[in-house]
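Taking it in order: structure first as structure tokens, then the write-up.
We just call them A, B, C and D in the order they show up, numbering each chain from 1.
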Amino acid sequence: MLGPNRYGKAETRLVRVSRDGDTHGLVDFNVSVALAGDLTATHLTGDNSGVLPTDTMKNTVYAFAKKHGPVEPEAFALLLGRHFVGTQSQVRSATVSIESFAWERLGPHSFQKRGDFTRTALVTVTEDAAQVVSGVTGLVLLNSTDSEFHGFVRDEYTTLPETTDRILATAVDARWRHLNIEKDWLKSYDKSLEALKSAFIGTYSFSLQQTLYAMGQNVLADQPDIVEIRLALPNKHHYLVDLSSFGETNDNEVFIAGDRPYGLIEGTVTRDDAPAAIAEWWL
Amino acid sequence: MLGPNRYGKAETRLVRVSRDGDTHGLVDFNVSVALAGDLTATHLTGDNSGVLPTDTMKNTVYAFAKKHGPVEPEAFALLLGRHFVGTQSQVRSATVSIESFAWERLGPHSFQKRGDFTRTALVTVTEDAAQVVSGVTGLVLLNSTDSEFHGFVRDEYTTLPETTDRILATAVDARWRHLNIEKDWLKSYDKSLEALKSAFIGTYSFSLQQTLYAMGQNVLADQPDIVEIRLALPNKHHYLVDLSSFGETNDNEVFIAGDRPYGLIEGTVTRDDAPAAIAEWWL
Amino acid sequence: MLGPNRYGKAETRLVRVSRDGDTHGLVDFNVSVALAGDLTATHLTGDNSGVLPTDTMKNTVYAFAKKHGPVEPEAFALLLGRHFVGTQSQVRSATVSIESFAWERLGPHSFQKRGDFTRTALVTVTEDAAQVVSGVTGLVLLNSTDSEFHGFVRDEYTTLPETTDRILATAVDARWRHLNIEKDWLKSYDKSLEALKSAFIGTYSFSLQQTLYAMGQNVLADQPDIVEIRLALPNKHHYLVDLSSFGETNDNEVFIAGDRPYGLIEGTVTRDDAPAAIAEWWL
Amino acid sequence: MLGPNRYGKAETRLVRVSRDGDTHGLVDFNVSVALAGDLTATHLTGDNSGVLPTDTMKNTVYAFAKKHGPVEPEAFALLLGRHFVGTQSQVRSATVSIESFAWERLGPHSFQKRGDFTRTALVTVTEDAAQVVSGVTGLVLLNSTDSEFHGFVRDEYTTLPETTDRILATAVDARWRHLNIEKDWLKSYDKSLEALKSAFIGTYSFSLQQTLYAMGQNVLADQPDIVEIRLALPNKHHYLVDLSSFGETNDNEVFIAGDRPYGLIEGTVTRDDAPAAIAEWWL
């Protein structure tokens, strides 16, 4: 029996230049589209009469970029999602996921790529609803003090010493769900980013979980129509080097930046009255 | 309000050598553990009295590797999951995910790494149940013919020509859920792998969806206690090069192997009577 | 016969916090050390009496980070290189390569990682000389106009149309060799970076080679004691999308950002009177 | 002043199917071309009259794949290099570098990709000579015993204990230079691979340098016209886990597979009478 399924075109790379006189704008997206609906025939017999080619999805991304001009990723994803559900009756649901890469302006038509972190948008459109999730990934933050970790459970396999001063560092991967889906997306994104950063900086932390919760809360506090936020925070461990063999002390000055393994803290902060999501948005 | 959350240690790299006389064995795992349960205090106030450190999870992986010897990844994940749920009352659920890297024997204590693809195990243990999902990722297969694609929907953005002979290539990412959780895991894995490959090879394909369904069906057909399988198949496009400008024809001989974008076909094949999963297993 | 050889410890990850009162500093390095000298015995018979363990090199990196405090990567590499050549008589030459990752200050002890590009230092120390090469890698720059490409050779395999307006984008990988090896390294680095960027922006370009040469020249023009610069510039192609099938024109507005293949332009700009390098520095 | 320079097209991905009746063959290459010669004009003034477009190099790769059929990577690189130097008088030297990916046959037209390691060819053609270097990269080998490390230098920063039994593991990156450039390349490659592996397995090792030398020697011993071989062997450290806190001993059974840092041993084995290389081949 055929269970849940979908198909689409992943990672269509779009660069959209806007040319208003001499000063150009630049939008740089990685767009993935997935459609679900009545797709049984192609699975069971290879009958493609209900299959819009993934190549067409790619073409649509480029054609819409021209037609609608440079828009925020959430708005572009909504345009695409509504198009596919609205024009293909066999399509019941469209998921459009966009990575948006930032560029810094260096001149009227010159730009430098910011590789720091990536803005994301994940939009689901069905026949009667739409859901918008914004996010950020790869935002690396570090506090060199104001972080402790102690009072934890000790079992027979526990060797970790307690600490009252450690580096706390993470690569923020966060996504937040909006109730209102027509808004100033850039302004909302900037506020969320600022809220995440200020909570990370401002929290005197006894666990990364506590910092995670503070970050989530801060985003919700600021923007009433964001009803839910999910964070996945790897604990980017910095190990204190033992320098005693070399006649040196190490008062939290010299660290090994570890690769693997790493702690991974995942959590959601949600409003009491958040309406249910219309589609999974954690993947 | 704190919503769903969990925490753990990701990517603990374990190599376990077994030394039975002169002939050694080698097991190479990447183990990730995530625990969920009563973790509100650490999120809200930084009270860690219910937090088993992720460092302890890492230690447990190594200690269990010694204690239990080399075992199949599914069995090792069950041992770990049961340990955490069984010994920490505040832990309600443990998810253990293992990547298992294959090595080919070259001599009594010499090995060559196979980088072809990775075997995976994803085990969830709760207070009263356990779920085992096996899988494979990165298995790249290609048919140089016996693949057609036509009869699809054409809209105003469709430019793709129909074809009756194309390369079909994919990197198989598959996961399958077992009902019986005590079994010969290696034998089952080998049978699943064989079933996936033989269905890919044996299917004269009119769409990658059709091939996906045939592959899923073949795994279920073989092993009655596998109740559900999910496949994510990127369509690794091979574009026919237009050689006409150079006075050459190209009868499906010379192709560009494309990077991005790529089609992505995702589907599940499930038994009518499959009992519900106790935990999400698609991530 | 044993030919050229060396050995060392690669990718020692060092984070050095400086704690002057409440305001902390942060240095984030990836350090690789390679030593050459009289190493025949270990190759031929496994006699390690001339081999300083690579583990010791790692320890030395951490001990020096404590002892010498946070210093610029070029200075740190010189300290390490001189130590190894100066204390181990069998070592004739030490090469120290450092990647330096930038962090932006967010607060007195809070930082955000810049992932844009990486500063590099490559230092070679021999018994009687030292050579310092500074560099940058991964600096992605784009001009959305003021770039043409025409007048090139056409042979029987040439199909590329000429263009008088294209996107020019590259990921700058540059290295420059200093004559004077005691200087304000940060100031010099900042000037070089600025010179590279301003030449990229300011050059109306007829080929990426022309832009490369202008960039190199600009660095040398600014700083008399930089005697040579080498640049490797991938041409990050942006392909104009043909929208004519969809009834749209495309006046350099909608582009595909290509992955592979890419042009790769490599060149050196050097002073007439540049003294010879004491060691290869292009790798 | 313009110093050494070259330009080309990197990473042209070519898949070549041969269709002799029902049984197909498959060749999978990643081809990079770089040309050097009289390129001053384009650097200084943007005059492209001597510049064959990199797009043309890509076209030539595909056209030659059709014209010459599936051939070994060394032979294909020679064909391309000779073409560019032979047809473009301003080109003095062509470097063609090929990665060749292996596929295992599963059926008459079905294949499974081997991701274990990559075969390489690096060919330089000048107006009067040609040089062929074959190689392999990413071949991961491990001996679980028969490796010791002791008797090394101890300085004030040395803490490493001596060991008489450790895991020795590496990812072989090797290149060897041929004198004779018309030969059965596949046969030669297979013999080299076998020689590398058998020397790794067969050497009771007191240092990775010793193993490196034995591997190089074994390749030269076998094939008189290979005059030089270079190996870069990362020491993939496996750290013994201290299980004593958990009441367990660890007799070389449980290891951490480390990521960074790693030792890196680089060396060359060369014949006394090896003629000089016509071009650098170590990059």
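Here is the rule we go by: a residue touches a chain if its C-beta (ideal position, glycine included) is under 8 Å from a C-beta of that chain, and two chains touch if they have at least 3 such contacts.
Since this is a predicted model, take the numbers as computed values, not measurements.
A.B. asks: So which chain is the furthest away from subunit A, centre to centre on CA atoms?
C.D. replies: Greatest centre separation from subunit A goes to chain D.
A.B. asks: When A-C is set beside A-D, which has more C-beta pairs in contact?
C.D. replies: More C-beta contacts join the chains of A-C.
A.B. asks: Measuring from the mean C-alpha position of subunit A to the mean C-alpha position of subunit D, what distance in angstrom results?
C.D. replies: One centre to the other, that is 38 Å.
A.B. asks: So the centre of each chain is just the mean of its C-alpha atoms; given that, what is the distance between subunit C and subunit D in Å?
C.D. replies: Averaging C-alpha atoms per chain gives centres 23 Å apart.
A.B. asks: Could you please state the distance in Å, as a whole number, between where the Cα atoms of subunit A are centred and where those of subunit C are centred?
C.D. replies: 30
A.B. asks: Residues touching two or more other chains, restricted to subunit C: which are they?
C.D. replies: Touching at least two other chains: 13, 59, 63, 157, 159, 245-246, 259-260.
A.B. asks: Across the complex, what residues on subunit C touch subunit A?
C.D. replies: 13-19, 24, 26, 28, 59, 62-63, 65-67, 103, 106-107, 109-117, 138-146, 167, 197, 200-201, 238, 241, 243, 245-246, 248, 250-259
A.B. asks: Which positions of subunit D touch subunit C when the two form their complex?
C.D. replies: Residues in contact with subunit C: 1-13, 32, 34, 39, 42-56, 58-60, 63, 87-88, 149-155, 157-160, 205-207, 209-210, 212-213, 228, 230, 234-235, 260-272, 282-283.
A.B. asks: Within the complex, which stretch of subunit B touches subunit C?
C.D. replies: Within the complex, subunit B contacts subunit C at residues 156-157, 159, 245-246, 259-260.
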